[in-house]
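In this document, chain identifiers A, B, C and D correspond to the written order of the chains, with residue numbering beginning at 1 in each.
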Amino acid sequence: MTGLLGLWHYWMIIALMMVGLYIVIARDNLVKKIMGLNIFQTSVILFYVALAKVEGGTAPIIPEGAEHVVYSNPLPHVLMLTAIVVGVATTALGLALCVRIQEAYGSNEEDEIVRMDVEGLARRGDRAESAPHADDVPPEEVPA
Amino acid sequence: MTPEFAIGLSVLLPVVGMLGVLLIGERNPDAREGVTLVTTVLTLGTVLQILPGVQAGEQPGLEVLEVLPGLVLAFEVEPLGMLFALVASGLWVVTSLYAIGYMRGHHEINQTRFFACFAAAISAALGIAYARNLFTLFVFYEILTFSTFPLVTHAGTEKAKKAGRTYLGILVFTSVVFLMFGIVWTANVAGTLEFAKGGILAGKISGWRLYVLLGLFAFGTGKAALMPFHRWLPAAMVAPTPVSALLHAVAVVKAGVFTVLKVVVYVFGIDLLADTGASQWLMAVAAFTILSSSLVALTKDNLKARLAYSTIGQLSYIVLGAAMATSAGVLGGGMHIAMHAVGKITLFFVAGAIMVGAHKSEISTMDGLGRRMPWTYSAYLIGSLSIIGLPPLGGSWSKWTLLMGAAEGEHWIYMVVLLISSLLAIGYLMPVFVRGFFLPEKHDDHHDDHHGDHHAEPHEPLLCVLPPVLTAVGCVLLFVYAENLYDMLAPIVAVKGG
Amino acid sequence: MIDPTPMRMRDKIVLRVVSKLLIPFILLFGLYVQFHGDFGPGGGFQAGVIFAAGFILYGLIFGLDEVETVVPHRFVEIGSALGVLIYGGVGVVNMMLGANFLDYSVLAHDPAHGRHYGILAIEAGVGLTVFATMMLIFYAFADRGRRPGGAA
Amino acid sequence: MTEHLPALQVVVPMLAAPVCVLLRRTQAVKVFAVLVAWSTLAIAGTLLATVLDSGTISYKMGGWAAPAGIEYRVTIANAYILVLVTSVASVVLPFGLGSAGSSVPQDRKYLLFAAFLLCISGLLGITITGDAFNVFVFLEVTSLSSYALVSMGHGRRALMAAYSYLILGTIGGTFILLGVGLMYQMTGTLNVVDLSERLPEVMASRTMIVAFGFMMVGLFIKLAVFPLHQWLPNAYTYAPSTVSAFLAATATKVSYYVLARVVFTIFGAAYVFGELGLDRILIPLSLAAMFGGSVAAIYQTNVKRLLAYSSIAQIGYMTLGLSFNSLDGLTGGLVHLFNHAMMKGGLFLVVACVTYRLNSSMVDDWRGLGRRMPITMAAFVVGGLSLIGVPTTVGFVSKWYLVSAAVQQDKLVVAGAILLSSLLAVVYVWKIIETVYFKAPPEGGDPVAEAPMSMLIPTWILIGATIYFGLHTALTAGVASKAAALLLSGVP
């Protein structure tokens, strides 16, 4: 029993992870996907923090003249600092892409975008990447 | 010059010639053809430099580079290879004479590309002939395939493209899936790929694996046109006649059967096959190919197509000889490489000469043509008799030796097969001659030449007649000097078991 | 009687006063986190974010033009690059001094002091980069449609 | 200074990126970036030479000893990858980055170069670092910059391609992060060497299986192993052609090295193949990739997309080689990694040359190019032949190793499958060659000139390499087999 409930924080983390993953898979809105991605990453960050915790441990700063202080493992926190930076960068980049997709397609819904692309294919056979067309390239993208 | 040097040179010369041809290009056709002819003569000369040594029984070699541990690009001329090299380079001289006449008489396009690829193909063929190990052989085998592709699709028409697909499809498929598989397998089983007297597989492999491996090699060399992988050869006939003549009667197809012979003699070793009887089924397949292809040839009205199917049958003679796994059989196969080459190239020359001179490609339209093109038709007669195997012509010797081989192995049924196929050969080769001389000339000349200008009067341009006459003479000479040929080849099976 | 025209944030007295009150403290706290980094929790990354937050708040309230006059776009772009260079530069200096990359102990005679200086320089670089990058991201989104190119 | 080379290998390009931002002027940035790329190549070359004659190099970041500190570790295996990455980079950069099919306005090109340099340093970091978490960080550096690079392609589809690449890539990266975390939880270390020492004690626990599973899925996504390859075709198709060339040649290759490292040195072949039976999963997947990818490639109408699908098939070859768990197999995988980089990079550069002149990578727009761009198209033919695996090209060498490996383990069916699938390459390569040489150029199309020298030279360097290394395999196969032996020995 304790074997399962004793690890309740892992259950929380897994639940969070699945929520995030589900959003990424199930939502059509690109921004919402990014949000899901964030939740997903956060769950892993929490996982690291959780495994760093030592029962009754304090912050890993040894006061003057205190001997054998019990403190939590600082390393995972350091690692997560980096992971958070990565997360921030990913989110920023993802949202930037969302903005430009919004400008290029006038929509942020995946299904609509896919439909437009299919129509584009039907119209002139998938040349988007090579021959820029008025409706293909947002105005400020046309090379100067 | 030393034989080692000659080996390298003879493989390089055609490449040099090719570069020369490409450099000159369409700007100066005469100079271009000049380069071609000089190259051919020089190549033949260098090949002849190697001959005496080989006849004396030594085997000059040349190591180029080691690609992977155990995979060495290396040459070593043994009698069989010497023979093949002689045939290829010798007939190349004649053929390029002929090609010049043909290509010009026919106003062909892309002549530069034509002569360049031709040279490349010959270089590859020589590489195959000299190969010291399976790897080298395989490398040049593939080069040969890809260098002849542009020649097959020369016309660039839809038909040519389709033929090109068949050609490349079958040859690459068989070589990559079967031949390479067999080679890798051999390398891992025998631990080496070097050809050796008496074979390298003896005692290394047995049971069903032996049968499978033999099958991989037999069908893997699609150039041997063993049924059911023969379709590429008739397809390749869309190429200009000189190509059909040299490559698809001599260089390419002989490269195929040559590979089969080499594999049987130097990889499996005829003892292994004779003892295990692993090659019995191969004999059956070869026999079937011989008969069925001869029957198909009977039904073809297009002369080149008929010759193509006859080639398929004749190639299977050699495979049959190899599969007999008897010394006489192997020797007969070896001799047949030369005999059939000279005979068949004559016939193709004639077919081309008729196309240039009279713009006819269908046999049914050739009635009475013989009286107008006597030289051409006389050459045809000699060539076909040699193919059929009648003395006093070269073909008779190889067929005789093959029969001896069958007898030696007591394969009576296959003796019968050989004799029947000779009769069939008479059936599909003679009518052309008979129609040519003894039937009245049709004047509603329907002919399917896609060249608007056809001269009413059939004529015999010198460059198109000289070559077949020469090769026809060759057939006779081969009958006289067959002895030397036999003596040269004898060593390959002399030391049995090794 | 309500004014039909929508009010801009800068016209909302509460927001203006509160933000004007808060921003100095935010920046101050940022500096504290930055420089207290090697005695207690903190460091360049958090400091940079907090510092940027102050300016972003300012930008949100008083408009992009206002904040761009204080922190020009070009400046943050350079800053983001410069910070990284400071960081790496310290490492390279260590190499010059014969230690391994980012081994600060050689920066002073006493290794402890060396590490002290080293970490200060490093954190400064990190702080600058993070601050500049945060501003850059903010501009990239807020600018959209005004300047060609923009994000990505 | 030489003892610092491992650090410099990563630091130089990483610091060069901000310098690009400061330089700003496109021409200056371009020259600078090229110089940086060449210097990294020089460093990598020296490292490989040193490793080959004096064994593994270990470099302690910040002087902190592992496990607390981060260790950079250069072995024969990863020095080989370093050389690959840097050499491709130094060929592609002079080519004129983003000159073909990029949407970046001239005055912001410097950002393109900065992103590219970051991508390089990330790839080098993944390869060289000896710290599991560091691998994750550099993976993300690489991925982030490559998302940006992909999004810079022409047209709005590039944006969607980059977006889905970002989503999948991040999921993969997070899975890897989770796997690393679990390993850390069990062993209390992140250093690869310590991991390989301590993991055997805890192998029994179920946590390790979970950790391994997460690592594998994450890496399979990054490596685009069938069926987790969904991001790859669009990304390669819509990215600027030069970027496609670089990514196709390097990104997946580095992930492959990480995979090999995780399998053989961290977890150990005995555990992975013996207890978990990875080969039972990976061999079918690889075969599916080889056939599925090639068949999909046959039906493509866009050359870039065709090459992308063929890449999926080629990755199948590599993973197959790995899953044989034998010297020849792994050598085949590693050598194919190098060879495929050469040929696919070269082929994508050919596409770049054509799109630069023709502004289209559609197969039917290439009709009759054989006469109009002879040199470029000759390069395509050679590249195609080595893709097929014709003897004297590199493709043959890798195929030889893979088939031998299959035969040695008596997996004759697999051997046949390898050869059969390489025939599919004939089909899709020949489809293009026929269009290029046997079809008349489209009417009314304005005349197309041969690509400029500045593009032809890099293209032919890569294409020439496919021939050269097809004949002289000392550098590729020789080093690869040493690397494979090292990996198989389990010594990190």
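To be clear about the criterion, a residue touches a chain if its C-beta (ideal position, glycine included) is under 8 Å from a C-beta of that chain, and two chains touch if they have at least 3 such contacts.
No experiment lies behind these values; they were computed from the predicted model shown.
S.K.: Could you tell me which two chains share the largest number of C-beta contact pairs?
M.R.: Per chain pair, the contact count peaks at A-D.
S.K.: Cα centroid separation between subunit B and subunit D, in whole Å?
M.R.: About 45 Å, centre to centre.
S.K.: Hey, how far is the Cα centre of subunit A from the one of subunit B, in Å?
M.R.: That gives a centre separation of 67 Å.
S.K.: Taking the mean of the CA coordinates per chain, how far is subunit C from subunit D in Å?
M.R.: The computed centroid separation for subunit C versus subunit D comes out at 36 Å.
S.K.: Just how far, in Å, is the C-alpha centre of subunit D from the one of subunit A?
M.R.: About 25 Å separates the centre of subunit A from that of subunit D.
S.K.: Which residues does subunit A have that touch at least 2 chains other than itself?
M.R.: 93, 97, 100
S.K.: Could you list the positions in subunit B whose residues touch two or more of the other chains?
M.R.: If we look for residues of subunit B contacting two or more partner chains, we find none.
S.K.: Among the residues of subunit C, pick out those that touch two or more other chains and give their numbers.
M.R.: Counting only residues that touch two or more other chains, subunit C contributes 148-149, 152.
S.K.: Determine the shape of the graph in which chains are vertices and touching pairs are edges (line, ring, star, complete, other).
M.R.: Shape of the chain contacts: other, as it matches none of the listed patterns.
S.K.: Mind giving me all the chain pairs that touch?
M.R.: A-C, A-D, B-D, C-D
S.K.: For subunit C, which residues are in contact with subunit D within the complex?
M.R.: The contact residues of subunit C facing subunit D are 77-78, 80-82, 84-85, 88-89, 91-92, 95, 99-105, 148-149, 152.
S.K.: Quick one: in the complex, what on subunit C touches subunit A?
M.R.: Per the touch definition, subunit C meets subunit A at residues 40-41, 45, 137, 140-141, 144-145, 148-152.
S.K.: In the complex formed with subunit C, which residues of subunit A make contact?
M.R.: Residues of subunit A touching subunit C: 59, 61, 81, 85, 92-93, 95-97, 99-100, 103, 140.
S.K.: Can you check the complex and tell me which residues of subunit D touch subunit B?
M.R.: 385, 388-392, 397, 399-400, 403-404, 407-408, 415-416, 419-420, 422-423, 426, 430, 434, 438, 470-473, 477
S.K.: Which subunit D residues qualify as touching subunit C in the complex?
M.R.: 1, 4, 7, 11, 14-15, 17-19, 21-22, 59-63, 104-105, 107-108, 148, 151-152
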